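Taking it in order: structure first as structure tokens, then the write-up.
Per-chain numbering from 1; labels A, B and C assigned in written order.
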Amino acid sequence: MNMTLVRELYEEINALPIVDIHTHVNWKSGTARNIGEILSYHYYTELTNSAAHDGQPLPFDDPRELTRLVYPKLEYIRNTVQYDWLMTISREYLGIDAQEWEIDDNWEAIFDRSVEVMDRPGWAEELIAQADILRVFLTNQYDESLEGLDAGFYTPCLRTEPFVLWMDRTTEREGLGRFLGREVRTIEDFAAAIAKTFDKFVSHGMGYAAMSIPAGFRTGHVANDDAQRLLERAVSGSPWDAADREAWGMFAMNRICDACRAHGRPFHLMIGVSRDVYEHGVPMGQDLFSSVNSMSGYDYLFNTYPDVRFPTSVLSDTSGLELTAAAWIRHNVYPSGHWWYSNQPTDIAREIRRRMDAVPGNKTIGYYSDAYYLDFILPKFRMFKFELASALAERMERSLIHPNMEPYSFDEALLFAEDLLLNNPMDIIALD
Amino acid sequence: MNMTLVRELYEEINALPIVDIHTHVNWKSGTARNIGEILSYHYYTELTNSAAHDGQPLPFDDPRELTRLVYPKLEYIRNTVQYDWLMTISREYLGIDAQEWEIDDNWEAIFDRSVEVMDRPGWAEELIAQADILRVFLTNQYDESLEGLDAGFYTPCLRTEPFVLWMDRTTEREGLGRFLGREVRTIEDFAAAIAKTFDKFVSHGMGYAAMSIPAGFRTGHVANDDAQRLLERAVSGSPWDAADREAWGMFAMNRICDACRAHGRPFHLMIGVSRDVYEHGVPMGQDLFSSVNSMSGYDYLFNTYPDVRFPTSVLSDTSGLELTAAAWIRHNVYPSGHWWYSNQPTDIAREIRRRMDAVPGNKTIGYYSDAYYLDFILPKFRMFKFELASALAERMERSLIHPNMEPYSFDEALLFAEDLLLNNPMDIIALD
Amino acid sequence: MNMTLVRELYEEINALPIVDIHTHVNWKSGTARNIGEILSYHYYTELTNSAAHDGQPLPFDDPRELTRLVYPKLEYIRNTVQYDWLMTISREYLGIDAQEWEIDDNWEAIFDRSVEVMDRPGWAEELIAQADILRVFLTNQYDESLEGLDAGFYTPCLRTEPFVLWMDRTTEREGLGRFLGREVRTIEDFAAAIAKTFDKFVSHGMGYAAMSIPAGFRTGHVANDDAQRLLERAVSGSPWDAADREAWGMFAMNRICDACRAHGRPFHLMIGVSRDVYEHGVPMGQDLFSSVNSMSGYDYLFNTYPDVRFPTSVLSDTSGLELTAAAWIRHNVYPSGHWWYSNQPTDIAREIRRRMDAVPGNKTIGYYSDAYYLDFILPKFRMFKFELASALAERMERSLIHPNMEPYSFDEALLFAEDLLLNNPMDIIALD
């Protein structure tokens, strides 16, 4: 690897502002208020739980105490990229060097200094300016209040799991009924709740609908009458079996797509999570994935809604080439970022190259942070931008001697990076 | 990567003539007659359809008009290796530089100049000489006329999909009956049709039988009586269900293997395609694959026909190590090239290294082009040869410091390349 | 790749003594007595059988004759890493250069010289000293005599396949009954046999229980009554169907875990082998794997035995990221080495990087040899150590320009290597 070239490319790519098309940021607060909130991010709690399990629940309502408990276990995860994110936050935002994290019992000094920076007025704006963040997409519950949201910076996106996965739960149906203003007893009620949701989101500058989808999920046609019977069964309190659940999932996905179509909004699919499989895990640290999961389950959806755009992420490495191939021929499938367990250098590097070599250049959404606090956007984007710079440097070098290529220039490389990071996300999500 | 070494290796490897063991070339024409035919290759129509879908069917019978329609969308796929193939064809055969393709509305000038070159008498021979192509294997329908085929250059190979996958279709059975000279009503008729097909192909210098096989296909024993009942059911017009189809597939594969055994011909397996899954795709651009597909479905076939050689390609990256492992221990499985969605640098590079490290050196067939026109053979082989040169350069460099290796010399590297590209294909397919 | 740095790192890493946590070494002999025994290792017999199959059974009881038969086929596998292991053994232990292996008919001279070295008194001790092997873990049958085993060097580990997979076989139950001292007719008998086995193994310094597990295996709860009925059915001679076999497997795995818990011993899982699928293979060369196999089948086990440590290997590349993710969040899953078909540079390199980037540094067991003779430990560890040195060199170089990293020093890299190769194995297996 030509390190000088990688660094030069990285620096130019890093000078681009950030559009982050998928996060879990709380728009009312934005940034963390102390290092304890940073450490409460599931990556730190799960990795330290994994490295040095003690079975003690963490005090998520007491960030100082959480810091005290997590700090001594951090030494076991210093090799990880997630620790590197933490060090970037520490260095860049707090001015605390990595060496200070290696001092025994230094947690309290770090915590206190973090509060000085993070809890001061205007800190969120400072951080946004420092990281040069242009726009942040959110993940929002249908009944969450969006009043006061700054649509010039934040773009709300709708989590659709309640509609698709949980309609057999009484509390979920009741919640949806409250939102709708009447009980959800018919599929017309259900469609009306979706319509009301979209109306509300669109009025706040909706980005897209989104769903993190279990491994093995299938899409297909389900008749209204069948769906109505399923809903009645749920309302009457009889539980759904696996086939019922699959049928409702198909039906509800289609209704979400109808609404996406009606409002010209994309549907962001995040394929392949296995929820709640690790019983002894920390909160948000109990999910894994299955390597056995084919994108073929989505054929129906992609075919039936040719006018809906589907930015798509896959959790498993085994679906990576499937996603490249889908985006290569399907006009409405767009590879989107590198998700969760695939969001580390090895798998990012492979997928960048596949997409660069075989997906039309206007179709890939380079990256999103999936962050819970704005603070994480910078280090995560840096990780991706470095892999992107490496892939582009490699392409430049190969092009000089490749018999099928003309020299790939520095400027071409940067334009490609700009497409992945800025132009494609904005064009594909197509905000007004 | 040591670019000088890669280039030196590439140049020597590139000096080898080409034996292309799998194509879809039409031997009566061979080359394209204009750039519109080149652009009608599904890679260009599918990638541009994916990049800028407009729902308009393409005029495949009017290459000039097709060029006009596809040309403006090519800008979206300039990053792809498929576009690099096009530029190589343009530069090397037509003398048209890549820059000319970036001029708006320049399609007509390019088209006209392409006709000047490609439609002139003797062009196919010129191109064959320029690309140094020694032998081209074809993919032929059982009832296709092979009269006049130059068996010194073209080797016919039999597509077996009609026998194995489509015998429940009346038109297919009728077609086979016409070829046989009597209706196909019994499994004896069916075997006779296969025998007649092999006799015909062998008389024209048959290479091998071939089949592109759906994901999930299974092989196994099916008794003659059961197969006879299936055939009768089909003849009587009752549709086959999935189990019937699987059983017939098993039976028919075995009959093809019987014929391969009888004539000493290999059976080239191309494993894992999902046909017709993208409804809005261009012709030939509607197929994908499933990442969930194991080679274990072929255990029966490999075990039952130890004296039949099975060159094997897999479409999914997830089957890549399975194929390496099968070729590592099974004496009659030969890894063959890099197919379709796996035919891009990332996946080629990984599989080359696996095969180089763990498959006996006499067993790997390096590459085939899968081309529809002879024109594509050169750029596709170049792509492979560059990855091969890179892998060999890496091995040479590593060998200088590897504690288990002696220095791997330039000459050894070239001999290995020659085995992959020339000796192994000829030995494994074993033409007289 | 910075070759100088790789070499420097390799040399330091190579200076570490070897702890080999999984082998099939016969502790009564240890080393091979001649090159014929080396060549009887299934890698050589299977690769040469694959390269040049002749259907002749090999004379495993006549190493000289086996050498004569295998020798001329070795030329076909000179490209493989397995051949590199052989050359290392030849050069380092026998003083026979690789060139001598390329001389026709030179097998007898090589054989005779190998006997001079390998059959002399004290050779095993010499080899152990030369390779700097500190400790070797074994794979032992429950009823194998361990009397006389040098527990300061050899650590016995229990194969659990007979308990979990074969209890429907009369001969297996009878064997277990002989070991127990009474027939195995009840699940209490079965548990008593496990208890007696663990008592015996623990008294000889037991390492862990181990099992190589078929693809598709599932874990779960099975009630005692159901297991008792299954056992009675087996005792009465009625065969088990697939569901019975799965249920017994679940039950028996849980009983092994009970014993692991009771004695504080880990359970080493080796996931995903497909036994006896290649009929024409040499002994030990008939097994493959399936790419379709998810670690989700082990969720129950990992959750139910949070206090049992599970070092885990996967055979398929498609399970590699699953294993990384499991070790990342699950406190009791430890990635262990690189197994069999995944034990070659391509797949080792990818998994090292994933584990280095996302698994807590105290959780990965770097490598084991899986060797049948002590002779193979050195070349196999060298192969791994070279890939590790390459990955560490890459990390050092990247760290110099990576925006999230501080320079990763040579010393840090060596400490990480030492953790993988020495500290983690000893801590995770936790011998007294």
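The criterion applied here is as follows: contacts are C-beta pairs under 8 Å (C-beta built on N, C-alpha and C of every residue); 3 or more make two chains touch, one makes a residue touch a chain.
It should be emphasised that the depicted structure is a prediction, and the values quoted were computed from it without experimental measurement.
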item: Interface residue overlap between copies chain A and chain C, same or different (over half shared); value: different
item: For chain B placed onto chain C, the superposition rotation in degrees, Cα atoms, nearest 5; value: 120
item: Chain A and chain C: spacing of chain centres that average the CA atoms, whole Å; value: 38
item: Residue numbers of chain B (touch at least two other chains); value: 1, 292, 318
item: Of chain A, residues touching chain B in the complex; value: 292-296, 299, 302-303, 306, 318-322, 324-332, 350, 353-354, 356-363, 397-398, 400-406, 416
item: Chain A-touching residues of chain B, taken from the complex the two chains share; value: 1, 3, 6-7, 10, 14, 46-53, 55, 76-82, 84-85, 87-88, 98, 274, 277-281, 285-286, 288-292, 316-318, 341-342, 344-347, 379, 382-383, 385-386
